[in-house]
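Same chain, two partners: subunit A is paired with subunit B first, then with subunit C.
Presenting the complex of A and B:
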C-alpha cells in the first residue's frame, strides 16, 4: 500500500440559511467525505456553519492575476451601468 | 499582458503594499517575500502543533470534568491553528509534508516557550494567561499582514485565542484566591514562565535581523520591543489584581513614559533554547516524530478506505 499524500481540498461554508457558501480555507483529506468530516472539525468548532462544500483544489480553475487588467478593464468604462450615472430631477421620487 | 522588468515588478509590488492592498497566492511577489512568509508561517504552524504537547500533558490529570473539557477544547483549537497555518503556507507553494519533516528532523524552528516543562497544574493556567496572552499580542497585528491567506488565518486564530487566555487566567485566579498552598503554586508557576513569556517576542529590535524588511513588506506590523512593552504594561496590573508578584526586581512604573520599565532578559538562555538545548527540545521533537510514525497506518488505512469507497460508488 502506498503512503501517498492526501489531496488538498478547498472548503466553503454556509454560515446560515439564506447566505451563500463562502471560501474559508483548505485542508488535506483522503477523499471528499473525509474532507467534509475534517472541515467540520477544523472550520466549524463554534457553530460557524450549517452546510459545507468541499472541492478538490486541483479542480479549481482561476483567472490569471496578470490578465486581470484585460479581463476587468472593459467594465470600467461602462459607468452608465450604474444608477448614479443618471440625474434624477428634484421632485421625482420612487426611482 | 505587460512585460515588466524585475525592478518594475518589485516597484509595483511595493506600491501595492504601501497602498495597503493584500497580496494573494497567484500574484507576483519577490522570491524573498515568498521565502520569508513560508519560513514565518511554517514556524508559526509548528509552534501551534508543538504547543499542544505541554498542555496535552495535563489533560488526563485535570482536576475536574469542567477543566478537562475546557483544556481539551483549547488544545484542539491549537491543532486547528496549526492546520490553518500549514494550509496558508501551502498557498505559497511550500510542501506540507516536507515542512513537517523539517520540524521532525529538528531543522525547523518553533516558539522557544514550548521547550519548557509543565510540572504543575498551575502551569495550565499560566500558559493560557501569559503564553496565549503573548501570542495574542503577536497575532493581532498579523491580522493586517500584507499576505491575504496569512491575514485571514490570523483573524480566525485571534477569535479563538481570547477564550484560551481567559480560561488560563481563570485557573490562575482561582489558585491565587485559594489556600496558601494553592496561591504558592500559582506564584511558583508565574516565576518560571514570566521570563520565557517575555522572550516569546523575540530578540531586541537592534538584534532582530528580519524586522526592517518585514516591516517594509507589512509582514510584520509592530516591532518585537513594542509588542513586548505592550504585553508587560497589560499584564502587570492583572498580576497585581490577583495578588501575584511579577518575578522582576527592576520592574517599575515609569511616569514619564507611562509604561513599565523592566529588567534585562537573559538572551543567553533564549539562544540556548532556540539552538535546541532547552529542557524539553528533544522530548518535543521525539513526540512529533513518534506521532508521524505511529500515525502512518491511519493515513494508509484512510487511503485504502477512500479507494474502496470510490470503487463501491463506481459500481
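Presenting the complex of A and C:
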C-alpha cells in the first residue's frame, strides 16, 4: 500500500449573498474532480454556497512574510491615496 | 391483500433499503480512509436515513395502526424487514462499500426517476426530494469505481473482486411480485422489469470506463424483499435497535 499523501487543494466558495468566491480552507484530494466533491461535502453541507472553485495549493504563489515590511509598510504613510481630500459639491448625495 | 396492505409493503421496501444501507454506511463514520471521504460517507448515510424517515412516516400512516416511523425502524424483527440483500452486506474494505453503493445508486436513480411519476402524490414528492441526493451519491460512487478500477494494479484487482462478490445480489433489486402487480395497475408502482436493461447498460458503461469486467453466470440470491435475509442483517439490527430494546420509549 502506498502511503503517499494526496495533493492539497485550496477551496473557494461563493455564498448565496456574496458576489465573489471566498477562500474557506483546504483539503486533500487525488484529482480536481474529487477536490470539488470533497469541498462540497466538507464546506457546503450547511448550505454555505452555490459555487465552488478549487485550485491546487502548489499553484498558489504567495508573498514572502519576511518581505512584509518592504511590501506593505510604505503604504501606511500615503494617506493621500484615499479619496478623502475632495470637497464634495453641494447637491451630491450618496457619497 | 388489499390496496393499503400492498402500498404499506411497497413503501417499506423503499424505506428499508434506505434505512439499512444508511446504517451500513454510517458504520464508516470515524473510519474513512481520509477525513474528506469520512465526511462524504457520513453525509450519504444521513441522506439515506433521512429518506428512510420520510418513507417510514408514510408507511406508518398507510398502515394506520398507530405506529410511528421510529416503531417501524427500531422495533421490527429481521423477518419483517423488506430491504434487498445487497444493502445489508457488510462494508468490507472501501472498494466493497463503493461497489455496493454503485450498484445500488444506479438502481435508485432509475427507480426514483420512475417514482416521481407515481400517481401516489406522497411517494412522488419524497422521490423528487431523494432523487437530487441520489444523483450525487451516484456521481460519488461511480467516480470511485472508475478511479479504483482504472487505478493501480492492486486497486483494480480489489474492486474487481468486490464487483464479482456483490454481483449475485444485483438482480434482486428488480424483484417484483403481486404487490407490484396490484400497484402497477393504479400507476403507483414503478415497472422494475423495464428498469433492468437500463440499469445493466449504465453499469456496463461505468465498468467499461473503469476497465472492469462484468461478471456473468453468477447465481442470483433472492429473499430480502420477502423477509428472508442473510445472517448479516441480524447483527446490524442488534446494534441499530439496541437503545430502543434496552430502554423502551427512550428519547433524546
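In this text, the second predicted complex is superposed on the first by the 76 of 95 C-alpha atoms of A that agree within 3 Å, B and C clash if a C-alpha of one lies under 4 Å from a C-alpha of the other, contacts with A are read in each partner's own complex, and residues count from 1 in each chain.
In this text, contacts are C-beta pairs under 8 Å (C-beta built on N, C-alpha and C of every residue); 3 or more make two chains touch, one makes a residue touch a chain.
From a predicted model like this one, the values you see are computed outputs, not experimental measurements.
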Q) With both structures lined up on subunit A, is it a clash or a fit for subunit B and subunit C? A) clash
Q.
I'd like to know which partner A:92 touches here: subunit B for first, subunit C for second, both or neither.
A. neither
Q. Of subunit B and subunit C, which one contacts the greater number of residues in subunit A?
A. B
Q) First (subunit B), second (subunit C), both or neither: which does A:60 touch? A) neither
Q) In the superposed arrangement, does A:28 touch subunit B (first), subunit C (second), both or neither? A) both
Q. Given the touch rule stated above, what does A:79 touch, subunit B (first), subunit C (second), both, or neither?
A. neither
(Q) Per the contact definition in the header, classify A:37: touching subunit B only (first), subunit C only (second), both, or neither. (A) second
Q.
Of the candidate stretches 58-66, 94-102 or 148-156, which in subunit B collides with subunit C after aligning the structures?
A. 58-66
Q | Interface residues of subunit A shared between complexes with subunit B and subunit C | A | 1-2, 6, 27-31, 33-34, 41-42, 45
Q | subunit A-facing residues of subunit B, complex | A | 1-2, 24, 26-28, 73, 76-77, 80, 83-84, 87-88, 90-91, 96-97, 149, 152-153, 156, 160, 296, 299-300, 302-306, 309-310
Q | Residues of subunit A that touch subunit B when the two form their complex | A | 1-6, 8, 25-31, 33-34, 41-42, 45-46, 62, 64-67, 69-70
Q: Using the touch rule from the top, collect the residues of subunit A that touch subunit C in their complex.
A: 1-2, 6, 27-31, 33-34, 37-38, 40-42, 45
Q: Under the touch definition given earlier, write down the residues of subunit C that touch subunit A in their complex.
A: 34-37, 39-40, 43, 136, 139-140, 143, 147, 152, 154
